[in-house]
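Following this line, the structures themselves.
Shared between the two complexes below is chain A, which pairs with chain B and chain C, respectively.
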Partner chain A sequence: MDSITPSGGRRSEDSATRGEVTDVDLLKRAWCNEKAAPEILHFEAALVQRAKEQIQLLEETVEEFTADRSDDLLVSLYQMDLDRSLFLLRSYLRIRIQKIEKYMLHISKTSLWDRLSEQEQRFAKKCIDIMEKHLEQSVLSRLPYGYQSMLKQSISSEEDDMVPEPQLDTFVFCKTKNDVGAFQLDDTGEEIVDLVADDLYVLRYNSIKGLVEAGRVDLV
Partner chain B sequence: MYGRRASQLLRELASCEAGQITSFNDDNLEQVIRECNEHNLQLQSLIRKIEDASLDIQTTRNEDHYGAVIHHLSLTRNKRCLMAYIFNRAEVIQSLRWKIGPVLPQEIKEKLNYLEEEFFKNHSAAVESYMSELDLDMTVDMVPPKDPYIRVKVLDDIGEVFLNDHTVNLTQHSLHFIKRTDAEPFISQGLMEEFLE
Partner chain C sequence: MAGQSDSHLLSFSAPEVEFLAEDELVEIIPNLRMDALNMICGDFGPFFPQIATKVPLWLAVALKKRGKCSFRPPEWMSVERLTQVLEAERESPREFQPLPFHYVEISKLLIDNGHEDIPDIYMVRSLIEDIRDVRFHKVETGLETISGRTHAVKLKNLSAMEVNIVRPFMVRALQAFYKLDSPEMIQQPEATVNRRPRVIDRGPRVSLQIRPFSLYYVSMLLSDYCHFNFISI
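The block that comes next holds the complex of A and B.
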């Protein structure tokens, strides 16, 4: 199989046999986590950059092969590989954008903002402006003074009590990568679970949030 | 009855299938906004009454105070309902950009009010500028790919289209075997469908 690996192309054939983790595997994991997590996770900037470069390489390879009129089967295999990588990348970015659309105000007010890429931040800013203008013109500007805030129900609210937030206490399926040991699920320490390597659990996202962020468990 | 109209707006949202949109209920919305302003008038007059009686507004707990509280709470409730109505519709409108594309068909346009159409245009532009920054079209590939090519049936005359360095004549009812990424925009616009035997 080595003869068909284009120089500089993806090392998937080689590395799969050696049990290494390719960028596509990493992207798949990031995509899975992002898909299952109720809130937005850290943007995998370096990974996305690498994935983009590899996709470009793969595109060039496919083009080369098509120009050479080489084996059609080969071309379609590369094309399929390319399509799958592209899907992962697009879907990953899309899930994030849709989370931003839904919780833009919440994200912009909290430390979640730092998890966005520069482009996503620009998108979120635009989205907030657009949504604010829309709510302003449709409802807010026509309400009595004191009730015109987008973030507060009325002037007498002390906190911002009108911002949609993701529900963090939903249950998620997760898989442990290696032994975590006895893990405390709540603050009181009444519920303790022993997290063993490579096992599946259904837990509240809230309680394993830290583990997901640290990369010790994967969501599925 | 106070508060009923606002909840009607939300019931309309709830009775609608997820991702679908109903016609914008202008009348109801107007009435709820009017109701809000009435509540405010009553609220202000009660507050003035307390002040005129030279009582401390912070500590007074007489019937006027509780009356004012009820008006205040009704107002915030109405506001929550109005905002939820507009916001939830806006969410559906955002999702239309992903499902249908930058141009909305007439039958959906009719259901939006002019502010919502404006909102759709602005949001759509924001999505597009994000995609052009990344140099990646994110609206294709909505489902995981199985085969790079699919069989499609053309539902409406599309005409000559340049696909993958040769032109294809997409006439109505014709069948084609083309790249999935090329077909997707047509499928989402309802001009093609996947042909399954």
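The block that comes next holds the complex of A and C.
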């Protein structure tokens, strides 16, 4: 296998500073961030694609090894590496699906929709259809007129007030990769924190959202 | 109410944290000859008998279980260093000593799998347990100082497992304080009654009239009571 140079635009710079960063490291970061962030993050399409290719390649190698009856030890070690990578990939995809199931209506109505992969969008659409049908048949059709919407409490609600939304002002644990400097936590400029490299902070997700998306802090 | 609904999504399980720790590099001394391993998670080896090399912890444990290597415990896992750390932990009640982010998991896996490779293993184990206890006690006393004015908490050198243990409680405590402290909550009760609370996850929609009043007083009491912040900031 060749050594892997991550091609994900903004991430390539810090991979250069930290020396060797494999796709597994990147996937691990993506997994942790996704797991810790309350809302759904951008789908790491290129990274997932690369991980899939490498997994497939290793699967073939392991098969070859098994067929050759080569060293059992070698086969079992490669198999472990394979299992670990598979777990990481599955877990990443799964946590996204959980979020989609939970917030599908909210995601479908906002710009978050663009963060999903094609398959995820298809999944979300189907999921919404099924949920709509189910609620319609089991409950909504039996309610009096004016209370039959899946999105609104009653017809008098001005906005959709029955859509579960991720709670963005929750607190998250995050680790800084490099110095961010004085960072403003709110709009009024009253709360300023000096973010130093490689330190652990508990901050409101809303205020560090930008830093997470830019890859400057990692959620843990 | 909403904090609860998110909790299963937002938390790592202990095995998951251990999984993350298993990618940390440790030194082993192989007793076999083996070509380099080109794995998805990186290239390791080649391996020569008696020549130390660095591999991820999971690989080290796998080789150890098959009797193919011995561990070389990291420097921080010596009795001498751990005694120093423990003393320093006891002396500074508001600071955590620098230890590897995954020190709990690394030391556990090394101790469980490599009895004969770690000198003074019983001493090392009990020192690490003591350090964990002292540190956790600090975390607990630190939690008492969280208040409505805590908008950020800095936890320098807190380790992964410690983060994981304290996360659910800490996040919900901060969230509760944040909510109570927000201007929406503290404004005049008459104005609040007309506001419809943001609906999150089909929360209970009863007793709209009563809640703003009681929260208002609670938040007043709390912000009077604790006005010093947790660990700097």
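Keep this in mind: the second predicted complex is superposed on the first by the 201 of 220 C-alpha atoms of A that agree within 3 Å, B and C clash if a C-alpha of one lies under 4 Å from a C-alpha of the other, contacts with A are read in each partner's own complex, and residues count from 1 in each chain.
Just so we're on the same page, a contact is a pair of C-beta atoms (placed from the backbone, for glycine too) under 8 Å apart; a residue touches a chain by one contact, two chains touch by 3 or more.
Everything numeric here is computed off the predicted structure, so don't read it as measured data.
S.K.: I want to verify the contact counts: of chain B and chain C, which reaches more residues of chain A?
M.R.: After superposing on chain A, more of chain A is contacted by C.
S.K.: So in the superposed three-chain picture, is A:Leu203 touching just chain B, just chain C, both, or none of them (first/second/both/neither)?
M.R.: second
S.K.: Could you say whether A:Val139 touches chain B, chain C, both of them, or neither, answering first, second, both or neither?
M.R.: first
S.K.: If you stack the two complexes on chain A, which partner ends up touching A:Met104: first (chain B), second (chain C), both, or neither?
M.R.: neither
S.K.: After superposition on the shared chain, which partner residues are touched by A:Leu112: those of chain B (first), chain C (second), both, or neither?
M.R.: In the superposed model, A:Leu112 contacts neither chain B nor chain C.
S.K.: Is A:Pro164 in contact with chain B, with chain C, with both, or with neither (first, second, both, neither)?
M.R.: Both: A:Pro164 reaches chain B and chain C.
S.K.: With the two structures laid over each other on chain A, which partner does A:Phe173 touch: chain B (first), chain C (second), both, or neither?
M.R.: A:Phe173 sits against chain C, while chain B stays out of touch.
S.K.: Mind working out whether A:Ser76 is in touch with chain B, chain C, both or neither, as first, second, both or neither?
M.R.: both
S.K.: On the A-aligned overlay, A:Phe87 touches which partner chain: chain B = first, chain C = second, or both, or neither?
M.R.: both
S.K.: Counting contacts the way the document defines them, which residues of chain A are shared by the two interfaces, the one with chain B and the one with chain C?
M.R.: Common interface on chain A, chain B vs chain C: 76, 80, 84, 87, 98, 102, 153, 162, 164.
S.K.: How about chain C: which of its residues touch chain A in the complex?
M.R.: Residues 2-3, 6, 9-10, 12, 19-20, 22-23, 34, 37-43, 58-59, 62-63, 66, 68, 151-158, 160, 163, 167, 170-171, 174-175, 178, 196, 198-202, 205, 233 of chain C touch chain A in their complex.
S.K.: Which bits of chain B are touching chain A when the two form their complex?
M.R.: 29, 33, 36-37, 40, 72, 75-76, 79-80, 82-83, 86-87, 90-91, 94-95, 98, 113, 115-116, 118-119, 122-123, 126-127, 129-130, 133-134, 136-138, 140-141, 144-145, 147-149, 180-181
S.K.: Spell out the residues on chain A that touch chain C in their complex, using ranges where they run on.
M.R.: Touch list, chain A to chain C: 1, 3, 20, 22-25, 28, 32, 35-36, 38, 51, 54-55, 58, 73-74, 76-78, 80-82, 84-85, 87, 95, 98-99, 102, 153, 161-167, 169-173, 185-186, 191, 193, 199-204, 220.
S.K.: Using the touch rule from the top, collect the residues of chain A that touch chain B in their complex.
M.R.: Residues 52, 76, 79-80, 83-84, 86-87, 89-91, 93-94, 97-98, 101-102, 119-120, 122-123, 126-127, 130-131, 133-135, 137-139, 142-144, 147, 153-154, 156, 162, 164 of chain A touch chain B in their complex.
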